[in-house]
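Going by the order they are written in, the chains are A, B, C and D; count residues from 1 in each one.
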Amino acid sequence: MENLNGYLIVSAILFAIGTIGVLTRKNAIVIFMCIELMLNAVNLTFISLSRHLGHLDGQIFVIFIMTVAAAEAAVGLALMIAFYNNKESIDVEDVNLMKW
Amino acid sequence: METLFFVIISLVAIISAILVITCKNPINSALSLIMTFFCLATYYVMLDAPFMAAIQVMVYAGAIMVLIVFTIMLLNIRVNATQKHSHKVLLGSILGIFILINTVVLLFKSQVSNPVGGLTGDLIKNLGHSELIGREMFTTFLLPFEITSILLLVAIIGSVILAKKKI
Amino acid sequence: MSNVLSLTTFLPILGVLLLLFIPKDSKSVLRNVTLAVTLVNFLVSLTILSGFQTNAEFQFIENMPWIAAGPFVMRYNIGIDGISLWLVILTTFIMPIAVLSTYTAVEEKVKEYMICLLMLETGMLGAFISLDLFLFYIFWEVMLIPMYFMIGIWGGKNKIYAAVKFFIYTMVGSLLMLVALIFLYFKGMEAGITDFGLLQFFSLKLDMTTQIWLFLAFAFAFAIKVPMFPLHTWLPDAHTEAPTAGSVILAAVLLKMGTYGYVRFAIPLFPDAAHKFAPMIATLAVIGIIYAALVAMVQEDVKKLVAYSSVAHLGFVMLGIFAFNVEGISGGMLQMLNHGISTGALFLIVGFIYERRHTRLITDFGGLSKQMPVFATIFMIVTLSSIGLPGTNGFVGEFLILIGSFESELRWWTVVATSGVILSAVYMLWVFQRVMFGELDNPKNQKLLDLNARELTIMVPLIVMIFVMGLYPKPFIDKMDPAVRKLVSQMRVAPVNAQAIPAGLPAGHPAMETPAAEPSMMPAGHPVVAPSSDVNTEKVVNPHEAK
Amino acid sequence: MFDNVWLIPLFPLIGFLINGFFGKKIKNEAVIGGIGTLMIFMSFIVSCGILMQMIGLPPEQRVFEKVLFPWIHCGNFKADMAFLVDPLSAVMIMVVTGVGSLIHLYSIGYMHGEEGFYRFFAYLNLFCMAMLLLVLGNNMLVMFIGWEGVGLCSYLLIGYYFHKKSAGDAGKKAFVMNRVGDFGFLLGMFTLYWWFGSNHNIWTINFTEIKAASHLLPYGGVVTVATLCFFVGATGKSAQIPLFTWLPDAMEGPTPVSALIHAATMVTAGVYMIGRMSFVFIKSPDTMMVVAVVGAATAIFAATIGTAQNDIKRVLAYSTVSQLGFMFLAMGVGAFWAGIFHLMTHAFFKACMFLGSGSVIHSMHHALHHGHLHDDAQDMRNMGGLRKVMPITFITFFVSTLAIAGIFPFSGFFSKDEILWKAFSNPYHGNLNIILWGTGAIAACFTAFYMFRLVFMTFFGECRINPKVKSHLHESPLVITIPLMVLGALATVGGFIGMPKVMGALPNYLEHWLDPVFELANEFGTKYAHEGGHHSHALEWGLMGLSIAIAVVGIMIALTMYVKNTGAPARFTATFPALHRAVYNKWYIDELYDFLFVNPCKAFGQFLWKGFDVVVVDGIVNGVANVVMGFSGIFRYMQSGYIYNYAFSMVLGVVVILGYYIFK
């Protein structure tokens, strides 16, 4: 695997973009998507390193991450719907009950 | 050839990722994200992991993104024209870039070890990726696998309870 | 039945498990089951009493590995001797009474309340039987939490303040104790101690500076729990806000943790420091006696008054313990039991009228004797026990404390403390007069009902114990005597009394045990276990027979 | 018989338990009163048996100890529930059970129809038990049970009419003052115990053991401390200066209680205690002097107050205080047997007078009740001329008054004269003797005066009660008059058992009887007694005559002022208004105590609570909490509640930590 660094750099860039998205966007669904993006960046790292090291564990891990992501998507989106039902908005700036 | 392909895919992936975070309309973001996911699936194929690529397309691009798009449409969110906190964008970007710098520096400073497992491209070609994954999954990782099902069950119940107005 | 101690301690937890399966709406079932569990536990603890051999050794020992984390080795090491025996029995004795008192007092969240009570019982019992310092610490904290909830959830109108105050006060002390505990453990490891077992630490030789710091940390934690002046202000608040059963347990058992801590840990672990600080602690104890009595005198709330009287009583206990002789410490131990019974009874009494009138202000009452004669009689008896009238239990303990401390170095302290007997009569009789005597002029009081059968059932055992312990305290003293003697020998009392004894006279006083001829022994270790023959000789050479 | 000594306190205890538990159900007054009286009478019979047996023994064998069961054994300390029977306690149990039986009997009549009849008898029985424990105790601790027990019963019985605030207050006052005394008693006990233990390794509080070891005690020094402490105890219980103010207030209780507790038995406990420990007291000349001086001072002080009171029972109460002063005077001058002698005669005549006054009050009360009047049934100004309607009460009362005034040959004459003579002739106090004697004599004069004032105001002259109800006054029933007659007879002849030697008509039985008890004390006393204590018989006769003369003078003044010249008291009051007001208000002692002790204590308590507890201690505690809360009040603004802020901090943390590890 001569191109390992390429994959890792792409993964890092994607992760950074995801982070920026989480930090800058207000729309909860977009934030959610950015989180998915970050997870995928990590998945890419796992698989490329798994391939490089010649060991399957990393890929197994990715499967678990995907499962978690799926579960997270289900619960997170349900949360958003519930929140939207209450506040007529999914703007995270409206989520401020945990203040003080 | 392969390098060129890699660069093209990478550019597409990064640009669509940037689109994810810049598009005003969430639908556009979602479509860009799907694009990114497809790029990642391509990477997986290039990394001799066709099974992962298939799952990537099915689970992420297929299931999760469909769920997200449905949600967006269901909620019918008005697009907010103005981004009030420009300093937020600035600070967030700076931090993101710092993360990137950190990671890249880490990447170059550290030494990746030599292969430890016996997994080679030939082996994958001979046996098939799915079989390898399946064998590993149902032997060594059987217990986590089963626990995952519980996690999914919990998620199902949780989302039903959360989303329903009255139970 | 070798593990009867464990059984006693954890039976309430089994009860909790049982309670979990009972729906929370069937209140009477919950109450009865809890009562049954505590009663059974009391019966089980009686087997401990009957199996207890009257000697100075720890008995019913169970010693099993528990936690071994790196250098820290904690063992499940439990056992009792004459000192903890009666406190265990007191706990199991008070619990059914406390449970029975909640039958009508608590109507909300009955299940949680009962669970709290049972967990509290386990915590208290565990603390009394632990022979492993760390195990003790765990139980010490365990009993804090149910009590916190009991005050905070079922308390009066200022319950949150009281609960938090109680919690933080106690927590501050116990964290200091934890630090001291760990420090002590490292000191012990240098000397070859392998785990947190208490008995090993008794033979540990510590230099004076270490002893002083460790003693101060332990003493501080226990002083808060006792509580000693000036760390007592959590007590009136906690008592006033706590529900009746909570007050009863708090007064009867929890406060004893502090004094028990001194007897079991602070004093024998750091004897030299204890000696050094005895005058200071005695001063605080005496101030507490007078101070609490004066403050109690002017209280308007009956429960607060009783709470302050607790402070005064425990001042006596502390004075007795720091007399460092058999009379004083036995008196202190006895007074702990007495206080548990009579102050517990007083809180129950306050609870009874509170349930009827929903007020505790003294001015709201007056002339209740006419309406509630049985109640008046019981209140009278308990009052007398509390002020230490001869023939009731309060007298025996108080008297032994005073005579013990009078013959120790604390003579002048005793003189001041003795005047506390006047003040206690003043405030107790005054409150009795204002509540029970006078015209029955408040119309709300004219329809009060006398005690019902359940309330009588609660009070009768306490009244019986008041007289039994007052008129025939011999079995109580005898059982604890060897352990107390051993403690005194561990203390190596400074030969103050011995100086006055002309040489050649038979040793009659424990002070005589001090090896005056070996001053070099002073910083050295005290005997871990006094040879039983020593104890016997002391018994044989009794001054009366010697004369 | 000696072996059965435990029966003596047991019977009243049984009576207490029966009446206490079942009295309310029994309801029948005759049964309740009968049980109470019977129980104490049984004790009396046992006491008689013990006395008979003791008389049959030679003097040196008249001591018997009975250990019932071990009580407190701890370390060196050892106290058994044990009884001591010796001539002194034999006299005391005879007085207690004898007078007690009569008063129980009397109470059946007097308390008739009271709401808490059973309660009264239960308490009375309990009191007798405690008193008997007190006199029979073999060690200080058993004595102390009785000591506090009688205090308790006194509290309960004074507060018998608990709905009256004054009764509750009086009960509490009595108990607290007694507690002050108990404080002294405890300290005295501790001192003796500690001294014997640490110096001679004799750890004991047992009377016989202390007696056996008493030769080890030094003169003065620690003994003075211990005995002064004990004396504080005695002043509390026996209402001496400075702790006497509770006794007059104690008259709030029913009259039989006053007779039994506050005249015949409980208040004499202090005297008995000094008698019991005479061999310790005598070792301290200073204490003896203090006892004598306090006794004499109390005798005259209380007597002056007694002259101005109008409440019949209060006069008797002050008279009791004064007579107790005489007993302490006797103790203080080393005439222990005379003190006990006066204790006994006083029990007879004062009980008789109290019961007599009770009879009068009973009758007055009934009469006033008939007329629906609310005049004070105890105020002597409402009485007068009662001798015609209540002849038996009058005669017995009059006999007792003669006895207390010290008229020959009534019992009081012998005992009081013996005390005055010893005050004059004792070898201990040197020049102080004449002052002691003079004070005693003047007090005796006052006694005669106010007692006859009482008699004249109550039984002589015109009847001042509202004429409407005059016809309702009548003699009390037999159950009341029988005890009066018995006690009257005893007050008349009781003195003959202690006839002075110079008279020679009869041997001095009592002194010989008590000799084994006080022998040791007298022996110790000779160590520092002054020489030249021999006085001629002529002097003794002369002083005897003088004391009678003094009494007669007192009577004459009373006669002049209250019978012949009835305007005199008013004129006297008008001439010396300040003096009268001071005496009438008991020299403002109560007010003084309130000012000195009670109010400062309350104020100090208030200060400690509101000032120290709440402000200082809780101030610190809450202050710490407030500081913490103040800081968190600032820091909490970090919790903005916006998710992106949290995410931002989290990422920042990741960047910083990661950066640190990468670039370090």
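Definition applied: contacts are C-beta pairs under 8 Å (C-beta built on N, C-alpha and C of every residue); 3 or more make two chains touch, one makes a residue touch a chain.
The shown structure was predicted, so the numbers you read here are calculated from the model rather than taken from an experiment.
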- Item | Pair sharing more residue contacts (C-beta pairs) when A-D is set against C-D | C-D
- Message: Can you identify the chain nearest the overall CA centroid, using each chain's own CA centroid?
- Response: C
- Message: Nearest whole angstrom, what separates the Cα centre of chain A from the Cα centre of chain D?
- Response: 92
- Message: Just the number, please: Cα centre separation of chain C and chain D in whole Å.
- Response: 37
- CA centre of chain A versus CA centre of chain C: separation in Å? 58
- Query: Where the CA atoms of chain B average out and where those of chain D average out, how many Å apart are those spots?
  - Reply: 98
- Item | Shared-contact residues (touching 2 or more other chains) in chain D | 644, 648, 651
- Note: chain C residues in touch with at least two other chains are none
- Message: Among all residues of chain B, which ones touch two or more of the remaining chains?
- Response: 88, 91-92, 95, 99
- Item | Touching pairs - complete list by chain label | A-B, A-D, B-D, C-D
- Footprint of chain D on chain A - complex, ascending: 19, 22-23, 26, 92-93, 95-100
- Item | Complex interface listing, chain D residues touching chain A | 636-637, 639-644, 647-648, 651
- Message: Give the list of chain D residues in touch with chain B in this complex.
- Response: 644, 648, 651-652, 654-655, 658-659, 662-663
- Query: Which residues of chain C touch chain D in the complex?
  - Reply: 165, 168-169, 230, 232-234, 236, 291, 294-299, 325-327, 330-331, 367, 369-370, 373, 384, 389-391, 395-396, 399-400, 402-404, 406-407, 411, 414-415, 418-419, 421-422, 425-426, 429-430, 433, 436-440, 471-474, 477-478, 481, 497, 500-501, 505-506, 508-510, 542-544, 546-547
- Considering the complex alone, what residue numbers of chain B touch chain D? 88, 91-92, 95, 98-99, 102, 105-106, 109
